[in-house]
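Two complexes come next, and they have one chain in common, chain A, joined by chain B in the first and chain C in the second.
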Partner chain A sequence: MKITFPHMGNVYIAAKFLMDGLGIDYVIPPLNSKRALEIGTLYSPEEICLPFKIMMGNYIESIEKGADTVILTGSCGPCRFGEYAELQMKILKKLGKNLDFIVFDLPSDIGFDELKRRIDKIALKSPKNKKEKVLALLDAYKIINLIDSLEAKAKYKAGYEKEKGECKRLLNECKKEVLKTNNPKEAISILKEYHRRIDNLKIDKSKNPIKVAIIGEIYTIIEPFSNLYIEDKLMDMGVSTKRTLSPSWWVYNTVLLSPLKLTARKIRKSAKEYLPIGIGGHGQECVGEAILSYKEGFDGAIQIFPLGCMPEIVSKSILPSISKDKDFPILSLVVDEMTGEAGYQTRIEAFIDLLERRRRYVLSRS
Partner chain B sequence: MKVGIPKGLLYYKYKPFFNTFFEELGAEIIESPDTNKDILDLGSTLCTDEACLPIKVFHGHVEKIKDKCDLILIPRIMQIYKREFICPKFCGIPEMIENNIEDLPIITKAPIYLFSSDKFFKWAYETGKILTKNFFKIQKAFERAQNEQKKFKEGINDKGYALKVALIGHTYNIYDTFINMNVKNKLNKLGVGVITHEVVDDNVKYLEIKKLFKRPFWTFAREYYGFISYALKESLIDGIVYLSSFACGIDSVIVELIKLDFENVPFLLLKIDEHTGEAGFDTRIEAFVDMLSRRKRGNLA
Partner chain C sequence: MYYLGVDVGSVSTDIVVIDENYNVIESIYLRTKGRPIKAIQEGFKRLEGKFKNSDILGVGTTGSGRHIAAFLIGADIVKNEITSHAVAALSLDKDVRTIIEIGGQDSKIITLENGMITDFAMNTVCAAGTGSFLDRQAERLEIPIEEFGDYALKSKNPVRIAGRCAVFAESDMIHKQQLGFAVEDIIKGLCEALVRNYLNNVAKGKEIKSKVFFQGGVAANKGMKKAFEEALGMEVIVPKHYNMMGAIGAAILAAERKEKRTNFKGFEVADINYATASFECKGCSNLCEVAVIKCEEKVIGYFGDRCGRYSGKVAV
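Up next is the complex of A and B:
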């Protein structure tokens, strides 16, 4: 058994060390690229949302490297993601590629026995004893938290750094370094080391950078390739960014909290006034995040979602009202396989310009 | 009180319920006109670009009657069956309407869960309160309305045609003859009868979807897939005509599922949006029907 999994932000880092810890063979799909997208698009239904297409590209590139089993988290909300596995399996089968899919759905949907059966499919392949397996899982959880929080720090601090580009450089260096080892414990200490470095980074507190929140559909905001590396672009522009949704956020809220119905309470509460009900995907979170970032003093928010994304079309209808009521600029960006770099960059720059002008205007008046 | 009922989305399915309910509460019902060019254009202008046609059309219907009534029914249908969902846009439709259309009268916002009478009654109570203070009146209206709905015979099952196709698609695409340019008529004229999924019992559909890896959590997916699977098994149909609107996320999945699993069945996908031209539409239908007849003759010979 050679396991693979689709890309989604930093997930591959945690997944790698989970497999290392379990002693199971795996293939990390090549980082998302034009090629993955092109192959994926070729074999996907035309009107399906972008994440599906990129994921298909990941599978096929992993198969080329010998993978025979895919692990995937299903989600059981009213959105397409939950139907992905069924379609993807069938399409790959038609292509003559017999991949085994192990889908982790929530026990509320498939029952504990079925979930256990699916976990066993992997766990039984591991030569490690029970205690080691649990440790491997805990380490992976630590790792995803460490890398996500490191990334969050870097992206926020980018607006304050004395030496331009330091945050981005450190972050990229860290991701490279950590992949060099196969030992989860070592990975953890590398990540901690980089946390220290970022913490000690020289910053200019007097700078008052533009602050932007990244909100929208979870895949397209987490997976940098799908949003044409918007956070990197903003870092380069000296903008501080914040994004609440991340793989570790997802694990915490979906796997740990959702059985207790406590998912994302604060965000959802903030959304109440504008969208009182969960509509599937992360539509309500998007609205809640917009309000929260306004309250936290951000200059604006950028919503990103794939073309045709159902829940985000609902939130997109609501955001202009929030923007108007709170006098809080929000830019909506729709991405698909045709999104062109040039026009995209221009829109982001124009938005940041607007935020800067607003600041000057306010300052000159006060 | 004047209650506006927009003729869009699941109006076609739940019209007996809603009309009876509001009438019983003493309201004067103002239905929007059948979909027309004006409504379509209004909807496209008001609604978010990325939305699908049915949502845009619904916006048009609301705009058309908003000045004539005191309350507009915006059905936020969350679930029809337990453990199944419909579409995120249905769940957020009151917010879309509210944010895209100005100067609205009161709109109904309470969520509708149809799978249990108790839960459904919650909606009736929340909404009924706007019209009357009398709890029993609401209860009675609710019961009457439910009875009316039960009597409503849904579905099309044409008899006496040489060829027959399954006409698949969301209720509002199948029964809104403006949106679909009266596709049923076109097929009938070419000697093709139509059958829709409502004709087949739900339990049968549940059995048919057992062969999927995962129980679809969309009601629409279960209904269409289950129906086709059954209709093919029983040789009820010669082909499938799927009526879909551009940018429908749900259809993008169901269409693929059907194509993958029923590979050798003649399949025509008709996609509609505000720019669909009737001529091209007709040509495609004719070509498809030609193919069906040739196949049938081939099989008989």
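Up next is the complex of A and C:
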């Protein structure tokens, strides 16, 4: 058995060390690229959302490297992600790729016995004992939290850095360094070291940079390739960004909190005035985060979602009301395989300009 | 003392020279024809005799080719089209609330309040109604594009044209022609369809308040102006330098700078032989298409590499 998994931001780092810890063979698909997208687009239904296409590309590129089993999280929620696994299995089968899909759904959807059966499919392949397996899982959880929080720090500090590009350099260096080892414990110490380095980074506290919250559909905001590296672009522009949704946020809220029905309580509560019920995907979170980022004193928010995303279309039509009521600029960006970079860049630049000029205007008034 | 503004768009390259009171002293309108460097050089050749390098105190670039233009001529400020257009309109009238801008391949709406941009949008999925499409239709009907608008004004009974998509609009026009409708009625119908398309797509959900400015190359078309006025029920103002507003905005932004030193490389840029080439970088899975600009066989700059490996502008 050779396991693979689709990309989504930093997930591959944690997944790699989980497999290392379990002693299971795996393939990390090549980082998302035009090639992955082209292959994926070729074999996907045209109207399906962008993440599906990129994931298909990931599978096929992994199969080329010998993968025979895909692990994926499922969802029976009212969004097309729910049909991803089924559809992808069917398409790959038609292509003659004999692949085993192991889909992790919530026990409330598939029952505990089925979930255990699926987990065992992997766990029984591991030569490690029970205690070691649990430790491997805990280490992976630690790793995803460490890398996500490191990234969050780097993206926030980017607006304050004294030497331009320092945060980005540290972050990219860390991602390269950590992949050099196969030992989860060593990975944790590398990540901790980079945390120290970023904490000690000299910053200019007098800078008061433009602060933007990145909100919207979870995959397209987490996976930088899918949003044409918007956070990197903003870092280069000296903008501080915050993105609440991350793989670690997802694990905490979906795996740990959802059985207790406590998922994203604060965000959902904030959304209540505008969108009182969950509409699938992370539509309600998007609305809630727009409000929270306004309350937290951000200058604006950028919503990103793939063309045809149902929950985000609902939130997109709510955001202008929030924008008007709170006098809080929000830019919506739609991405798919046709997105042209020039127009996209222009929109982001114009939006940041708008925020800067707004601030100057408010300052000159007071 | 003058400031230079350069707007490198998909269809046209505009160069303006303004004085410190933002009066337009010189304006040059050139077709880009996919070769922005050539267009800029041609423009500079015309300016070379009229101005001294030391007359220019600041340079701003805008438009989709703003980065390459900035690199070539040594710009002090590089701004997106939206800000530039708004700045230019505001310099004419502080009370402008809505800017309709339709250029060669894109259309935008900018809404303003108290002299500040509050919202904007650009066409996302379709370029029907932009300059290139009108150009093509004028060509097909064998009417010079300059007279296109006058034809529309002559119409008494505009024909309804399906304007959702450029290709379907064209087939619908052909169909109406074959049915024998008068050319002016078809042209007027086309203008109305394109205005409808603009208001339903680009301007969707945006409140259009007076005063409305209409800028960009398409503003030359009187038929489009009239159709906008009829659809909106308010006056639409076409500024004198409607097709130069981006360049004017860039020049004003260059003049507004606090710093007084300029990076301007001089009008001699016109006489240097530039060559461009491109290659696919194999450094990682992104496979960026990197453009190389060479000057007399010497590489002077790189564009398009995401990580900055060649252009060196950002951290790897």
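Operating definition for what follows: the second predicted complex is superposed on the first by the 366 of 366 C-alpha atoms of A that agree within 3 Å, B and C clash if a C-alpha of one lies under 4 Å from a C-alpha of the other, contacts with A are read in each partner's own complex, and residues count from 1 in each chain.
In this section, a contact is a pair of C-beta atoms (placed from the backbone, for glycine too) under 8 Å apart; a residue touches a chain by one contact, two chains touch by 3 or more.
In this text the structure is predicted, and so the values were computed from the model without any measurement.
A.B. asks: Consider chain A as the common anchor and indicate whether chain B and chain C clash or fit when overlaid.
C.D. replies: Fit - chain B and chain C, as placed by superposing on chain A, sit side by side.
A.B. asks: Could you say whether A:L124 touches chain B, chain C, both of them, or neither, answering first, second, both or neither?
C.D. replies: Touch partners of A:L124: none, neither chain B nor chain C.
A.B. asks: If we overlay the two complexes on their shared chain A, which of chain B and chain C does A:C79 touch? Say first, second, both or neither.
C.D. replies: first
A.B. asks: What is the contact status of A:V334 with respect to chain B (first) and chain C (second): first, second, both, or neither?
C.D. replies: both
A.B. asks: Can you tell me whether chain B or chain C touches more residues on chain A?
C.D. replies: Result: the larger residue contact count on chain A belongs to B.
A.B. asks: According to the stated criteria, A:P320 is in contact with first (chain B), second (chain C), both, or neither; which is it?
C.D. replies: After superposing on A, A:P320 lies in contact with both chain B and chain C.
A.B. asks: In the overlaid three-chain picture, which partner chain does A:R347 touch, first (chain B) or second (chain C), both, or neither?
C.D. replies: It touches chain C, and chain B stays clear.
A.B. asks: Could you give the angle made at the Cα centre of chain A by the lines to the Cα centres of chain B and chain C, to the nearest 10°?
C.D. replies: Approximately 80 degrees at the chain A centre.
A.B. asks: Just how close are chain B and chain C at their nearest CA atoms in the overlay, in Å?
C.D. replies: Minimum C-alpha separation, chain B to chain C, in the superposed model is 5 Å.
A.B. asks: Find the residues of chain A that appear in the contact set with chain B and again in the contact set with chain C.
C.D. replies: 320, 334
A.B. asks: In their complex, what parts of chain A are in touch with chain C?
C.D. replies: Where chain A meets chain C, its residues are 30-36, 165-166, 168-169, 172, 229, 236, 320, 323, 329, 334, 342-343, 346-347, 349-350, 353-354, 357-358, 361.
A.B. asks: Within their complex, state which residues of chain C touch chain A.
C.D. replies: It comes out as residues 64, 79-83, 106, 114-120, 122, 124, 205, 284-287, 306, 313-316.
A.B. asks: Taking the complex as given, what residues does chain B use to touch chain A?
C.D. replies: The touching residues are 47-48, 50-51, 55, 76, 78, 83, 85-89, 91-92, 95-96, 98-100, 109, 111, 212-214, 216-218, 221, 246-253, 255-257, 260-261.
A.B. asks: Taking the touch rule as given, give the residues of chain A at its contact with chain B in the complex, in rising order.
C.D. replies: Residues 45-49, 74, 76-80, 82-83, 85-87, 89-91, 94, 101, 103, 105, 109, 274-281, 283, 307-311, 313-318, 320-321, 334.
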